[in-house]
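Note that chain A is present in both complexes that follow, paired respectively with chain B and with chain C.
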Partner chain A sequence: MNTRVLFVSVVTVGALALTACGSKGEAGPSAGSGDTLTLGASVSLTGKLAREGTLTQEGYKLCVEKVNAKGGVKVGGKTLKLAVSYQDDTSKPDTAAQLVDQFNDQGIKLILGSYGSANTEAQAAVIERNNQVMVDSSGADDKIFAKGYKRTFAVLSPASEYAASIVKALADLASPKPTSVAFLSADDGFSKTAADGGVAAAKAAGFTVTGPELFPNGATDVSSALNKVKGSAPDVIIGSVHLAEGVAIVKQVKELGLKPKAIGETVAPPTPDFVTTLGAAADGVLGSSQWTKAVSGKDDYFGDASAYDADIQKAFGHAAGYHNAEASAACLALVLATEKAGSTDPTAVRDALAALDVTTFFGRVKFDATGKNVTKPMVVIQIQGGKAVTVWPKDMAEGSLVWPALGS
Partner chain B sequence: MAAEQLRYRPTVRTATPWALGVLLVAAALALQTQLYTGQARTVTAIFMYVALALSWNLIGGYTGYASFGQVVFFGIGGYFTAVAMTHLGWSFWVALVASGLFAACYGALVGIPLLRLRGHYFAIATLGMAEGTREIVTNLPELTGGGGGITLPTVGAAATTPYLGNDGFYVLFLALAAIALLVTGVISRSKFGFALRAIHQDEDAAAAIGINTTRTKVVTFALSGFLAGMVGSAYAFQQVTIYPERLFDVEITVLMVVMVVIGGSGTVIGPVIGAVALQFVSEWLRQNYTDIHTLLLGGIIILAVILLPQGLANYVREARRTGEYSLLANVRRYRL
Partner chain C sequence: MTGFLQAVAYGLLQGGLLALVAVGFSLVWGVMNVVNLSHGAFVVLGAYVGLLVNQRLGLDPFLGMFVAAVALFALGYVVQRFVINLVVNGPIFITLLLTFGLELLLTQGMNIAFTANYQGIQTTYAGTSFAVAGVQIPVGRLLAFVLSVVVTVALVAVMNRTRVGMSIMATGMDRGAARLMGIRARHVYALTFGIAAGLAGMAGTMIGMVGTFNPASAGGFTLLSFVIAVLGGLGNMYGALAGGMLIGLVQALGGYFLSGTWVNALAFLVLILVLMFRPSGLVGKAFYSARLEV
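Let's look at the complex of A and B:
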């Protein structure tokens, strides 16, 4: 009897609730109708990527503000206000993909990417199936672009450039030139692709290469990997890492008595937390970044890189990081392509993105056939006196490389 | 409750739950025609958690062995499918069943030593077992792709089974939830089910009345592993690219436990209610309160556990028997 009552109530409540949910989404072309252009953005506001996800959202918000300050998006004789519908994907790839599907139900076809390669990779597959189009702001793993997808475009440099740019900077600037490089890498797709790119660049530049030695993503103890490369006494140690592992490498290199001339790391050194955590020990460490305020190039919306930095400072009370910048650039690329297409039709926008070639505060944005932005160089910074100073490429350098970097 | 169910009468009354179960599945199929494809995917996630919560309920609810490593079966099932389809070129359908069986064997194997532990010790041991298994999967990069994930073949010549799409996965996960519901329904009314309840209430007494407790527990653990393993397999195929971090995410175990506890543990319908309610509420909160949805969800879970410590299904059953519907009285009755 009780079970029956429960069954009945579940069926009724469930059916009612779900029908209610069914009438909510309008499958019509709401994204282009009226006088608003709504983009969909699944952002990681909670979960382990919450910090980076929030910075990404800030970048999108500033873009909306700037575009609307100029009147909006000019599409085929009409000017549309720009709006972004934000949803939290809780840092999970399955949810990020599900949200892209939900945007599609609401007729939102133009999508801004979530944070990180795993989320973006899951989203890209759905984008392709739904004939939507996405500009990716932070999914750098080259794997995403090796699948033949035609509707995902990334404004940022691919993962294979992260460690490679440090190698190129050293080959270019360091004198006397180091001869051996050891690679360490976190065990996730993005970091491994970055490390492999670095190894290839190092071999091409004639360095003796050790590794990459792997440790778990998020590790705070990397001593076993360091012990494996200790025997070869490398001149340079390059870590393909995130913040936690990056901090661990700098600490443990000292503790284990390794004496490299330089440590280079992807992702970690440009973040403010790196210097705050390590203090003086951070000095001399090299890092690669998608963007710094020394990057050259300007556009009509954000001005140049230092104007962008000032705007982020004003709006959010902190210096602009590359997570902010790449998000704003992705949003800008989508807006410019929509204007160029003269339509909000996703296929027209896709074609306009494929043909896009613009200079922005983020640098040049031009996509290759797979959707990667290969025209923009990454910048290499060195921590000098607690500050991240851009040292490479030479035409953007704020200061010169201190060498040997670790002064020992 | 047990005495009431033992008076077996093959009447309309005993047949009704089965008929309603069929009706529930039919309603879900009818609902599909009313949904946009993206909403179908959202509802698919609900079915997935219904199946997972039901699988946990067998070992955690009926038997009283709170497994905090249940996600291991989900992960193992997913990875078995990924490896079988990628390296061995198996069809998904073969891999689906094989993943369930593989997870069941794994459950039996680890269950034999672990099910000797009780209470907190069992919970901690299963938690460790799941974490350990994830490390093993992460450290076999040739086989599993390691931390970088593994991509199942779904396009081109390598694809052994055509990708099902949102509509296909809707039916697949609904079928898995229906199987889990059927298995639970059958067990709940069988002698085996009463053996599980006896173990839950007093394991030594259960052994004294002739129940082979070790065998019963291991079989249940394996069976719950079989169900969760098949769900993991379907999930892997749906996601295409899977990572150990997500496939062995302890949060999935916690969700199963919370769903069963809120819905009513040791009942057939409780986990279904818990999973549907929690997934629906969390989805609704995320869409409407983007900034504070996790906080609100946490608050609702706390409130639900305080007001309905025995779960909704058990509360309704007791309230109908005693005529006492007051939630405050309920809190007093179950106060810790």
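Let's look at the complex of A and C:
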């Protein structure tokens, strides 16, 4: 019996060790080796951000394919093939930061961000210390850019715009204009920053504001927070959320018998799962997005937004979401800056990024002194007949706002 | 006041569902002294089975849950008989390690098979609700709650009235004596584990109907099961029901009076308080204190 116990425990420990090793992967090639330019990307392929992490990796992969189809990256008279060394950070900020260190040890100085603000924030500190340079594809929390870092640049609009853009769209388009807005938010840095931005915009637009009421990040039951705003019978409920909480809000607004004219949510509605999980109940819900295929602007690698959508569809079998697009845009910004710098030296690339001003399929990419992309507007979508239709800003609108957004 | 009552109603309904999640975990711990860290993965797997039969065959979740229960029972039986049984007499650390490994395998397996996308089982009725004295009662959650209570009562009846149930209890109390009476302990253990997994599968289908899930939800269910099982008293099925309701209430009222992530800490605070004043759980004597290890 004892040998059997021993055997099984050894096998178990061995399996655990293998799993742990698997997530770190093997050592990749070092940066400027020969004719290849290798970027480092820690991506969340397992763990709680696995879904968004996979979409991010798809965006990076398409970028590599497109750049190499054009020959590669032209650096000071040489043309280098683009490659990305991927490592799984298991959705954990600590691991994401360690992986940036590992890339540095391998001589990889040019880094593409992991998924989400928590991971990116942890990485940014290490990037600064190691004199690497990172283009952030999805860390939108304004906090990342309030620390005086000089080497992290984000292609996406900051968190404070996420809920604010929905408020602005409603103030612009809804008629008769709603008068009261209740804010709900997940209890994490990014979501709270987004909710605070929304509250400020709502007050500026003259709405009566309730909240934000907080619930734990990842909650699948948000009834307590809804319960608290139920008394004020708000015209509009805006949730600063991720997918799980976003789905819960729509379900439980109905369960609890609230009758808002509209529900708006950051992050969740544009993702395909939102409609597949909620079915018809998703109809009418408003959401903000970093990018949709209605965004104007084009570049030499990806063409315009609808060409990008078609390419993602061809390569990965689903419509392009903004997670894909922001990742491809981050990779593109890093490539363009490297070409402009004429060198793969991280400091030269950093300076080129700081001066970058290009129009892409993702919209305009130009960074302010803190590294945020403040030139690009967020777009607002509404789920209509199971599809995300861009309704704001007006010059990019694919359709008009259905108002009141929710049937009853 | 209505807000308070609404929170109470929601908490009780949610608590019943949590009890169904935890009752199998508690049974396995009580009878076999195995802390099954893969329990949450069984719950999520049950949700996927319910989703698949709903999408492919159009089965309502209340029928689909039986498919999930049977599938998970079979899986649980096999896993116990051929894997966990190898170490069931080993130190608790070894069974912890083994079930932890199983959890990793199952969760990552589901990641590969079903992707990490969030899913939900759609029905026409689960999202509707009716009002009782100003308090909204959601239909889906009410049905899931009723099911939990019925299943728990039925389980207790099976344990106390049937030969299978009594051999499970007997093996849990004194394995040596049970063997001398002609009970095959290996088979009984596998049955117990299978029943626990089957119940987890049912609970998973219900969770899929009222909420959302993805493979990463597994850990959360294991943790809640742990708290509820300890609260209720290990192996005590009515205890699991009481523990589940208490946790559901605490979370709902915590969310109503406090803000944000504090709610998560409250469940454990309650655990500490209950263990300080009633060390063997809410409902009577802990089952395993009657155990004789031979």
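Assume the second predicted complex is superposed on the first by the 377 of 408 C-alpha atoms of A that agree within 3 Å, B and C clash if a C-alpha of one lies under 4 Å from a C-alpha of the other, contacts with A are read in each partner's own complex, and residues count from 1 in each chain.
To be clear about the criterion, a residue touches a chain if its C-beta (ideal position, glycine included) is under 8 Å from a C-beta of that chain, and two chains touch if they have at least 3 such contacts.
This structure is a prediction, so every number in the text was calculated from the model and none was measured.
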item: Which of chain B and chain C A:D187 touches, first, second, both or neither; value: both
item: Partner chain(s) touched by A:T46 [first = chain B, second = chain C, both, neither]; value: both
item: Which of chain B and chain C A:K230 touches, first, second, both or neither; value: second
item: Partner chain(s) touched by A:K92 [first = chain B, second = chain C, both, neither]; value: first
item: Touching partner for A:D105 - first (chain B), second (chain C), both, neither; value: first
item: Touched partner set for A:A122, first chain B, second chain C, both or neither; value: first
item: Residues of chain A contacting chain B in one complex and chain C in the other; value: 1, 4-5, 8, 15, 19, 46, 187, 214, 216-217
item: Chain C partner contacts - residues on chain A that touch it in the complex; value: 1, 4-5, 8-9, 12-13, 15-16, 19, 46-48, 50-51, 54, 187, 213-218, 220-221, 223-225, 227-228, 230-231, 243-244, 247-248, 251-252, 254-257, 273, 276-279, 281
item: Contact footprint of chain A on chain B as seen in their complex; value: 13, 16-17, 20-21, 23-24, 27, 31, 34-39, 41-43, 45, 138, 141, 146-149, 155, 165-166, 235, 239-241, 243, 245-246, 268-269, 272-273, 276, 280, 286-287, 290-291, 293-294, 313, 316-317, 320
item: For the chain C and chain A complex, residues of the former touching the latter; value: 3, 6-7, 10, 14, 86-87, 89-90, 94, 97-98, 100-101, 104-105, 108, 111, 115-120, 122, 127-129, 131, 136, 138, 140-141, 210-217, 220, 251-252, 254-256, 259-261, 263-264
item: Chain B-touching residues of chain A, taken from the complex the two chains share; value: 1-8, 10-11, 14-15, 17-19, 21-22, 25, 27, 45-46, 86-88, 90, 92-94, 97-98, 100-105, 118, 121-122, 125, 129-130, 147, 186-189, 192-193, 214, 216-217
